[in-house]
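Multiple structures follow.
Next, two complexes with subunit A in common: one pairs it with subunit B, the other with subunit C.
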Partner chain A sequence: MSSIAENNPGRVALLMGNEAIARGALEAGVKVCAAYPGNPSSEIIGTLATVAEEMGLHVEWSINEKVALEVAAAASLAGLRGLCAMKQNGLNVASDFLLNLNLTGCRGGLVVVVADDPSGISSSNEEDSRIFAKLGDLPLMEPASFQEAKEMTREAFNLSERLSLPVLLRSVTRISHARGNVTFDELPRSFKKPEFDLSKPWSAFPAIPNHKILHERLQKAKEIFEKSSFNFYRGPEKPDLIIITSGSGYLYSFEAVNNLKVEERVGILKIGTSWPLPEEFVLKHLRKSENFLFVEEVDPFLENNVKELFAQNCFDLGMKRFFGKANRMIPDVGELSPEIVHSAIQTFLKVKFISRPEDYSRKAHEAVVEMVPPRAHGFCAGCPHRATYWAIKTALALDGRDGFVLGDIGCYSLGMGPSGFSQMKTLHAMGSGTGLACGFGQLERFGMEQPVVAVCGDSTFYHAAMPALANARYNGANFLLLLLDNSATAMTGFQPHPGTGFTATGRVAPVIDLKAVCEVFGSHVEVVDPFDLEATVEAVLRLISAERGVKVLILKRECALVSGKRQRRVFQMEVDQERCLGEACGCNRLCTRIFRCPGLMWDQKRGKARIDEAICNGCGVCAEICPASAIRKV
Partner chain B sequence: MSRGLKELEEKVFKKDLCTACGACLSLCPYLRSWKGRVVKLHDCGLEEGRCFAYCPKTGGDLAGTGEQESTQRDEQLELGPVRKILMARGRDPIWREKAQSGGVVSALIDFALKKKVIDAAILTLREDDFLPKGRIVRNREDILNCAGSSYVSGPTLEALNRGPWNGEERIGVVGLPCQAIALRKMRSSSLEKRTPIDKVGLIIGLFCTWALEYERFHAFLKERLGQLNIQKLEITPPPDRLLKVYTDRQLTMVPVDEIRPFIRKGCQVCLDMTAELSDISAGTVEGIEGWNTVIIRSDQGEALFKEAEKEGMIECQSLPEDHLNHLKEASLLKRRRGMDVLQEIGRPEGGKG
Partner chain C sequence: MIHLSKDPFNVIIAGVGGQGNVLASQILGEILVSQGYVITIGETYGASQRGGSVMSHLRVSQKESFSPLIPEGQADLLIALEPVEGLRTLAPYGNPKIITLLNTRPIHPIDVISGSATYPEISNVIAKIEALSFRAWTVNATEIALEMGDPIFSNMVMLGALSAINILPVGRQVFESVIRELLPSNKTEENRKAFERGEGAVKELAGLGGRKI
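Moving on, here comes the complex of A and B:
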């Protein structure tokens, strides 16, 4: 493995897209980097944190994306280069600051990397964040390869300084999380001293003159983009069809054109600087053909912008046909693939191409069905959340008033599915479970009798639920907040947060104590270990019937994967198959059918449960739920 | 037809017919009781189960199982099998002081334990919260702790399923009519048993007109009395019909009509007032304080009772004719009302539940 901090120009390294972006930032001389973890963006700051000391950077996991952007912007206002990374949902959080920062402008290069997640592979939504560039009149770049990810990041810093504007760099999962060859350039050595210039205040107000300046800067960006090498056309001079594409769509299009062997008939217009649109460059290529196909993830961003441009110039351009999401030739939801582009080109050109035999899927399925065990999307073996939801389910069932659980973003979102016994009933944004509880917790006066319960992870709590908890106390909401404190931002890769006692770069940090924070907000706070099922059930039952007000129950138990890295399993588990009731009345496979920890297996031959020792983390909770005491801690 | 938890849920829980007798509890991890309710935690998925088989509300014909053959000759229309009906009370005043009415049930259990007729008995304990729960007792002190009524039904039979038992103990059970039915269904069930029902050699049934829902009844008491420690509950006979609530500070009287809304629906469809499937049944004697009405129903019941009388543990008198008539009327009335409610909810009578 090569370090992205190697100053070795010309060296070719196999890098993940996010590492390439980090390398680009280093080549640009970035000094301050901040983010809140969120896939597919997390490795950008994760990688920079590993070289922070060596490169003399400040790298931090901030409490949320808005604060992260503010931290990076401060560096810029002081004349240094700053980078802020986030996932698409994060830009919503940061947008309030961003849509004022555009009006004040900035000083040192400031790049905002947004890694979108088409298909929502590790997200609650598949929002296309490019619209924020148009909304905020900000320059937007979209890398289409790993090399470009690095180059564009470096150029984005230069552009930001030329324009005095933050620049958005939009990646997607298949750029950020895939790997490719990247050639290194030189790492600069700069020793610029940051300074706040007292003569120049930064204020978005008054809006009108600042808005005017912003438009002038955007016009300048357009002029620069007209000549950008990130925009190019490859194909014949008079093609039957031109594919207009950006980002990951470029590689899909390139592959499809090659596979179909239609290089002589189909051209590809690749746009790297998507906003503002390099209009002259695009117009030049609009004259080359009558037919255009848009290939982009997720929304018709280029498609609509190019159509706007066409409408403005249609008198000169003559009749054109546009294909894409508007006429359903390209799906308007989900990730794209070469197959999707194949099929669109085939429909138009009437060429024949079979990317794989028709019965390939069926045959592949048959070949592996015996070997691959069915796996549900669920919690890891020994995950404290499984125990937590088990206790919640038991408590709410015993209580009998149809209490319900409001949730949000984290590993515990899986509480909506069978792994969490379908206990979580709402899933929106970070911290929204607690926010919704503030509202549901006011509905008693209208006759609502159901107990209101919110769940929130520790990292999510610091990110977005603290204001909701303060609001709850202030406005007198009545609910129980379960803080699932697993001492990590587990879902995105165990990044530290204010409660963990160390920082992104491994420095020891003061612990912002969850319990103390909740108590300061005036909540009644109790702490319980979710592995103690009976104690957890008792506490939940008692607190949902307690006097009205905000109650917080902290379920404290470290993430099984975090503790598993540090120590061997707590218990060695075994099943006494003589005692195991199996499918008989009295059990009917409670452990493998309902509790469903992946560490438990159904021994079909014997009709008994057994432990999968390769997977079991030895938490011991299954011993508590076994009705026959057949599962034992050894 | 499926005869598992799903059907139990459909036919009993969802129709609110459960009386929380406890027969289905501690058999599996899918059912649990909470504040006098039986709660289903997860779907069990089996087509047939002991929960359904043992439930006194799932119907099924007990005739032909051998359970009633020995008593058929004594069958009375109003009161079920009867060998003898009389009035009795525990001779030791301690029973009358702690127990309801004459304390004859406590005295009989105490005697049966002492004579090793049984090694343990399952009684119903009410702790400070007055929430009934099954308790395995083996001595007089435990019996005294369980004496008295809470007018709330609770999962007494759970203790039989839960144990722990050493495998050889002979067991006596004191329960309500629905619990006596459940015990008979347990005994006749063909499903694999992990409950020591074959060791149950004595069933003493308690007369029961209805039981109350714990949560609503106690919410009512709390609202009426505030945070007071209840010591004893008692209902006076007609014409007053008052609930007397003894607390550590005061005695409060509540007209019974005010607590009627809390009567369990499962009790409104019950056809059995005098626990007809027991060896001995006992209740109060309305208007004669300090005595129990006792119905001796089986050989075992008769033998135990005779010996207890002979050894001076209990004393007897004959039950006055008008009281006997009144008992029969009351029993018939409960049956008639139960049939009416069953018809109303569109459910044909099944068994004695």
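Moving on, here comes the complex of A and C:
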């Protein structure tokens, strides 16, 4: 929706948290925005890219998060405002630069948005990136609502300029990927010319004086945060319990207190500026009660910082009790929910809350146990990855030496599960499959005989696997790298990358050809269409037995959802039920029991396969695997 | 703004990844925001989108924002885009006052396709949902969408059905103005048609409302 760029103060829009952050950046007059896609952060730059032309911005999908932060920081060093957005894993990648940038400081407002993913809903981990604020002595803000996501982003730019420091804005899935009402403010008009001041170099070295300046800046941030309206208390003057909370925890806490009708007994201390802690503000509220419950997502960040503050002041404050992740009143893993906060308050206050009759609960749960089949997620109908893993499984079985697949980050990570026939055996960080292959590919000299295969998606390859591939060639590792080229960053919403030929804003870009890159690194490279199963199996089988060295097989086939946007179906599929022999065939129901594409169904009554026309994407692969030629492309 | 029977009024849209759950919740949210309500929507995204169960939680209020997750047992309206997903959602979120609108067309999970689990008889699922709801309506939205040439229209059929049952203020006019703003203009006519067909095709089941609990 392009209304994000409307200069229409007072307009109320239903915005996703990420869109609210994008709007906040526009209201702050941001000029340069960069990111590598990663959920739950992707829509921040995605939204800004849609309005880049009309708003006169530079918006880019960078090759990885470190480069994205460097791009945004360059704008800042030249006096413009820059925004960089990433998911929690992305901050690990960008942190090498960030933990030097803190020492040089910056000039134009620079905001680093990091969207954490409690429970790892669309991530391999659930790390708490707030630790980086403490590690790097950087100011940290946490929005607790959609409106606040917008306001805080705007304020973060102002703060960054006042302090000459990058400011971290930490969101979480339930803010970034949720929606709510947001009221617009004015969009500024600024025509500042960027300029690099030759008299003022930016160097982290020497560390000690710069570290001292950083601490002084952080002290100034603390003074500003003491007066911030993003921190507030709502509740009675002498409560039995105070909930100390930030981010999404605030809405859960507010709702739980209301639901349990304990507003007279429980106060909520909401912290929006989590680092450095506004100490005087917190101390003032520590005097109000003896009992404190911490409600925050992932790690006990506020919990530990407030306890540290208490330890420093305990002589004046007297005895206090703290509840939270340390004593497991709040679970120390996984995302929060209204129930978690409900139950913590109920345990402490010993109040009862019945949301529905026991009898209903029992009947509803029994119905699910009795009738509802599990619904595992897996590759979409027509996904090239299913065909790829089928070919890998077949080739490794034919080879018979227990070859194994090192995995990577993307849709194809589902290759760990039944949808990829459990072929993928490792899953860590972006590019780690190829990096691990560099190591496994050296173990022959110790007697390892198993063939080493790594998989890597196209976008992941540019992001982090290129250095590993160069390393493999240089150090003489022996493995087969399968580049699963589906021509998009599919997992996060089909964003373009250097291999696609266009940019974030839709401009035509030169193609950095995957095959050419691999050849420059001295690899033997072949290309095959994974939907040509026979050719793919042959290539994998041959290349894992080829002369030692780095072999690359590019499996090129566009993501079914991307091609589906252009043309719904390549083929209309049909099962000729006269030809399908069902269980009697001897194929062990290859199409449905083994290949398991969701576009197929098992017709229970007739004991034969059929196509689910509501799901099938018409890729035609099932026609190739059916030994009775009962599945046909029409 | 029409007065809500309960504030916040909690809506869950449940279905299978790929059915257009997120878009349906966004359109419904926009329809309500344009009439002055305060909306909060929480959704499941990411890996769970790939053919897994997905859910959107909508909180509708005349006053303020609520948490993006509905507390257990507190849904007021369930819009189920798939039968067993409807039943799955009632277990944690249902209650004797819940109103259910159900798309009756099943989508078989992988485990059913492979034969390691069975999909229950559809009439039994509907009967169970009816027994666990205060009032319940059904429409075969996917069938209507397939007749129109693309299953993607089924969520628009469901919104039309929602309009007809008159639980939330979802009128044809406001629906049209929202889809004009949100969706490509070449699809407006088909979406409008899908909405109308949903309005016409929805049928009420007996539900708990007609009987003693």
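Note that in this section the second predicted complex is superposed on the first by the 610 of 634 C-alpha atoms of A that agree within 3 Å, B and C clash if a C-alpha of one lies under 4 Å from a C-alpha of the other, contacts with A are read in each partner's own complex, and residues count from 1 in each chain.
Basically, a contact is a pair of C-beta atoms (placed from the backbone, for glycine too) under 8 Å apart; a residue touches a chain by one contact, two chains touch by 3 or more.
This is a predicted model, so every value here is computed, not measured.
**Q** Which of the two partners, first being subunit B and second being subunit C, lies in contact with A:393: first, second, both, or neither?
**A** In the superposition, A:393 touches subunit B alone.
**Q** When the two structures are overlaid on chain A, which partner does A:252 contact: first (subunit B), second (subunit C), both, or neither?
**A** In the superposition, A:252 contacts subunit C only.
**Q** Which partner does A:627 contact after superposing on A: first (subunit B), second (subunit C), both, neither?
**A** A:627: touches subunit B, not subunit C.
**Q** Would you sort A:587 into first (subunit B), second (subunit C), both or neither based on which partner it touches?
**A** First partner only.
**Q** One more residue to check, A:40. First (subunit B), second (subunit C), both or neither?
**A** It touches subunit C, and subunit B stays clear.
**Q** Scan A:207 for contacts with subunit B and subunit C and give back first, second, both or neither.
**A** neither
**Q** Scan A:342 for contacts with subunit B and subunit C and give back first, second, both or neither.
**A** second
**Q** Counting only touches as set out at the top, which of subunit B and subunit C does A:516 meet: first, second, both, neither?
**A** Touch status of A:516: no partner.
**Q** Which chain, subunit B or subunit C, is in touch with more residues of subunit A?
**A** Here the partner covering more residues of subunit A is C.
**Q** Have a look at where A:375 lands relative to subunit B and subunit C in the superposition and call it first, second, both or neither.
**A** Touch status of A:375: second partner only.
**Q** Which residues would you name on subunit A as touching subunit B in one complex and subunit C in the other?
**A** Of subunit A, residues 593-594 contact subunit B in one complex and subunit C in the other.
**Q** Name, in rising order, each residue of subunit A that touches subunit B in their complex.
**A** Against subunit B, the touching part of subunit A is residues 393-394, 397-400, 421, 541, 583-588, 590, 593-594, 625, 627.
**Q** For the complex, which residues does subunit C have touching subunit A?
**A** Listed in rising order, the residues are 16-18, 25-26, 29-30, 33, 38-53, 65-74, 84-85, 87-88, 90-91, 94-96, 105, 107-115, 117-120, 124-125, 128, 131-132, 142, 145-146, 150-151, 181-182.
**Q** For the complex, give me every residue of subunit B touching subunit A.
**A** It comes out as residues 27-30, 32, 34, 37, 39-46, 48-50, 191-192, 194.
**Q** Quick one: which bits of subunit A touch subunit C in the complex? Just the residue numbers, please.
**A** The touching residues are 1, 3, 12-14, 39-40, 121-123, 145-147, 173-175, 177-181, 248, 251-252, 254-255, 259, 337-339, 342, 355-357, 360-361, 363-365, 367-368, 371-380, 411, 414, 418-419, 491, 568, 589, 592-594, 596-598, 600-602, 604, 612-615.
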